[in-house]
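There are two complexes below, and they share chain A, which is joined by chain B in the first and by chain C in the second.
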Partner chain A sequence: MGTFFRLSVVASAGVTSSLVFAILAFLLYFASPLFQADLFFDFFTLRWDEKAHAYGLLPMILGTLYISLLATFLATLMSFSLASLIDSFLPQKISRLLESIIVLLCGVPTVLYAFGALFLIVPFINEYIASGKGLSIFSASFVLSFVVLPTMSVMFLNAFRSLPKAYKNAGLSLGASPQELFFCMVLPLVKVEMMGAVIFGFARAVGDTLIALMLAGNALHIPHSLLDSARTLTAHIALINANDYESIAFKAIFLSALLLFIFTCSVVLLVRLMQKRRNNG
Partner chain B sequence: MKKFLLSVLVLGSLGLHAGDLDVFKGLSGSLNIAGGTAHIDAEKEAIKNIMQAYPAISITIAGGGSGVGIKQVSEGLIDIGNSGRAPKTDEIERAGLKSFVFAIDGIGIALNPKSPLKELTSAQIADIFSGKIKTFKELGVEGGEINLYIRDASSGTMEVFVEKGINKGKISDTAKVVASNAAMKTVLSNDKNGIGFISLGVADESVKLVCVDGFCPTTKSVLSNEYKISRGLYMVTKGEPNPLARAFINYLKSADGAAIAQKHGFIAYRD
Partner chain C sequence: MAKSSQTILVVCFYLLALIALLCMAIFFGFIIYKGVSALSLKLIFDDTPMWAALLLKARVFDGIFNAIVGSFLVVSLAMVFALPLGFLTGIYLYLYASKKMRSLLGFLCDILSSIPSIVVGLFGLSITIFLHKNHFASLFPSLIVSALSLSVLVIPYIIKMTDLALMGIPKHLSDIGLRLGATRLQNLFHVQLPLASKEMLSGVILAIGRAVEDTAVIMMTGAVAMAGIPSSLLQKYEALPFFIYHISSEYANKEQLNQGFGAAIVLLVLSLSLFWVAIVLQKMISKRSGFVPR
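Right after this comes the complex of A and B.
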């Protein structure tokens, strides 16, 4: 039984990890015709217009960055406050309740957030803030931050709780207040874990398709303000017309996917690297 | 149980042309349909009728846009691809596609119901979508800056609009892109300065349709071709349709199917 179990674990680990490489190989294979010098740099220009044979991906890259950076910023503020309240500053009953609510939120499908926002936030912005700017970077990031929030809060909480109980007891016996304990002892010790939570949240924001597709407006121009419309790489992949396998537009989808893939991988590597350096140092 | 039987009886008696469903006699299995978003409501109703009468048949329908429908049917992923435009010659040749029209649909230039604008000329429409006309004041009515809404590149509605609505003109890159006819309805009903275009079959009182060059989009004006922005609604198969797909197409082209198409704001097309 033991060997059977071990074998099946090894097999499933093998399948899973080779899948990642299979996806990478698949993307590289389909995007490879684009790696010719004269063609390749055309993708990093500012205009996408299939009719004019302009295939610049920069508006989408910028759109992705703006929306996910803003969403990560908002989500970090909210989930840091939530997690620290739950961990150190609220009566146990309330923090238990809050925590189970957060865990519940993890399971809400993103389309519900997007759909809700389409009928609440978008008309509100159109009516009271800026006419016709309802589908914008701001709406998308704002809603996206709620999608990232539960995961990030849970990671923050785990970080705060990763410290041995003895540390806290030692602090308390020295007469430290909960505030002093939290800000002077816990925070400095879990810096790396917190960075990890933020970076994973960012990766989650970059990878989300539906919120941006439904709420950011998907316009192809370069956004100039928070209330401008923008298109993310993920939404672009969903919206491109790809009937023709030979077309450059079709291959550009794979380049977009490859960019997203590389991005997420480097984020994970970055977190691992930070953890490793901390453990060694 | 009594209630259930009663509702079955009532539902059964509603079918006026009960014979039209007979094309499915002896058939079973599954049929997958995807693509154009204008087709969905009408086809859903047809599917409901079919699956109630023949529980052994299961039919699924999805959106995605006309381009997606044609692509997926070419690859053999689905049995019928919905398309709001005729398949192009290269698409037909590549996969041996066959297409069947079941209805004619107009494409309306749509606004928020609160907008005072009633009428536009083709030239004005082209200028609005190219970004040359930027405010409602330039059109002679109250209102602020115009917000443009268009569809994605795989939309048949979009292709027909570009071809017949703005004569293949340019579209401003500040236009916002939505992914279905239904989404177009939602964004326009939420934006009092929005202008977009929409399948007449999908449009309802949550958007306002303007008249173009003196002709308002109605069944009559579309049929007489006085209202120019219109298209056929196609069902596309790879090669000859399989028996179930054939039955589905025949059903939509029957008297029952025509009644469904009309109920959903299309003009039935039976050749």
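Right after this comes the complex of A and C.
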């Protein structure tokens, strides 16, 4: 019994830890024909047009960057405000209520945000701001910021609360107001945790598929303004045409996935390094 | 920092928070208003009698019943694969792993949980294509492929929650069996797992919620708009989030759009109640023993 249990425990640990490598291996396997051809660097050009045999991924890379950077910026502003109000400035009853609402919002399905926005924000932009520009970088990143907001707020809150209670008491007994305490003591001490929250939010924004797929318009060109339509790497993968396994267009999908994979690994590595450096210093 | 500029910043916080809350309120008000007015038994079962549909005697053609059943099937199947693997790996981390192994597995787990779900879906699709070409010509994107891919998505959550739950047991409780002469395994099954069970359950519920709401994985691996209830693991199926996605681009008339809103409300209530149960469970744990398992 004991050895059997131990065996199955070790075996499942082996299986789960090899999943990451399995994903990497399959992406590489399907993308590998692209590495051998001398057309590899053509993938990092500005044009995707299957009829003209141009398979540049840069429009999608730029689309991803624009949408997720803007979304992270908006989400950081809002979630930082919410978290700091909850932590230091609101009366206890209200801040408790607000916190439960935000925690509950973490459980809202992403597809709902996209679906609701499609019939609320997109018509609004079409009607009042710029007609025909409803499906654009702006709508996608605006909605995406609300998708990331709850999780980011919770992470900011956890950051503020990671300080030992004794610090706060010491500050209070020296006569500092809650406001001074927050700006002069809490903020400088939790810089690394706050950076972690922002990076995490950015990674989530990059990895999200549905919002960009449904709200950004998926156009295949380099976006020039906020109201331009754009396509992200994730949406590009979702719009795959799986009927033709052998085409270069299909293989380029795996290159997009590989880019996302590398991005994810570097983010996780970066956060780990930051935590390690802080713990040592 | 000068006091006046601090005050200005705090005013900005209030403004930004107010804007955020207002947007959220308008958004959810809109969804709930539209959705609740679309809710009815007809939305779910169309014209098929309810009991005949529930007992699978009559087929529902135009309701969201098939999508609900499909979601239920694919998520339960995913949990069947994910739970044993996740639990056992969590126990390995807690009981057997050396310090180096722990940090390595933790790292891999972090990567797995942050890989975009569309990439996980593509992984499932590429395995299917590979097997289809080389070994099983009859394998296409289907219920089983979706379930396996979804389990890849939730396994890291289950591992983490299991490990955290076990680590959160206070030291004086977790070693009690060992001091009474029990083996490590007996201690695990009779002391540690029962103590950690509630938090593990809340982790499982969170994982279910994650699997129910995910759209990107299932749209790559076999969810379609019109399939009925699948009769085998190798068939395509319908799912609630995919239905919502599909309606948003393909709706032909107001009635179908209303169906979309109704489905949205059903999915919202489903995910939020799962999430809420998980939160309540976690609150109960931190109250019960006077410690916060974190």
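The rule we apply is simple: the second predicted complex is superposed on the first by the 266 of 281 C-alpha atoms of A that agree within 3 Å, B and C clash if a C-alpha of one lies under 4 Å from a C-alpha of the other, contacts with A are read in each partner's own complex, and residues count from 1 in each chain.
Here, contacts are C-beta pairs under 8 Å (C-beta built on N, C-alpha and C of every residue); 3 or more make two chains touch, one makes a residue touch a chain.
What you see is a predicted model; the values in this text were computed from it and never measured.
After superposition on chain A, the partners chain B and chain C collide with one another. Of the two partner chains placed around the shared chain by superposition, chain B is the only one that A:A219 touches, whereas chain C remains out of contact. The partner of chain A that touches more of its residues, comparing chain B with chain C, is C.
In the superposition on chain A, contact of A:A238 is made with both chain B and chain C.
Once the two complexes are laid over each other on the shared chain, residue contacts for A:I129 go to neither chain B nor chain C.
In the superposition on chain A, no contact is made by A:L273 with either chain B or chain C.
Once chain A of one complex is fitted onto chain A of the other, the partner contacts of A:A203 are limited to chain C, with no touch recorded for chain B. By the document's definition of touching, of the two partners only chain B reaches A:S229; chain C does not. In the superposition on chain A, A:P109 makes contact with chain C only, while chain B stays out of contact range. Of the two partner chains, both chain B and chain C are touched by A:L118.
Comparing the listed stretches 207-215, 243-251, 261-269 or 279-287 of chain C against chain B after superposition, the clashing one is 243-251. Overlap of the chain B and chain C interfaces on chain A comprises residues 118-119, 214, 238, 240, 242.
By the touch criterion stated above, chain C contacts chain A in their complex at residues 1, 3, 6-7, 9-10, 12-17, 19-21, 23-24, 26-27, 30-31, 34, 84-86, 88-89, 91-93, 95-97, 104-105, 107-112, 114-123, 125-127, 129-130, 133, 141, 152, 155-156, 159, 183, 185, 209, 212-213, 215-216, 219-220, 241, 244-245, 247-249, 257, 260, 264, 267-268, 271-272, 274-276, 279. The touching residues of chain B, counted against chain A in their complex, run 67, 70-71, 74, 90-91, 144-145, 147, 152-154, 173-179, 183, 186-187, 190-194. The touching residues of chain A, counted against chain C in their complex, run 1-2, 5-6, 8-13, 15-17, 19-20, 22-23, 26-27, 29-30, 77-82, 84-85, 89, 103-120, 146, 149, 179-180, 183-184, 203, 206-210, 214, 234, 237-238, 240, 242, 245, 253-254, 257, 260-261, 264-265, 267-268, 272. On the chain A side of its complex with chain B, the touching residues are 47, 49-50, 118-119, 122-123, 126, 131-132, 134-135, 213-214, 217-221, 229, 231, 238-244, 249.
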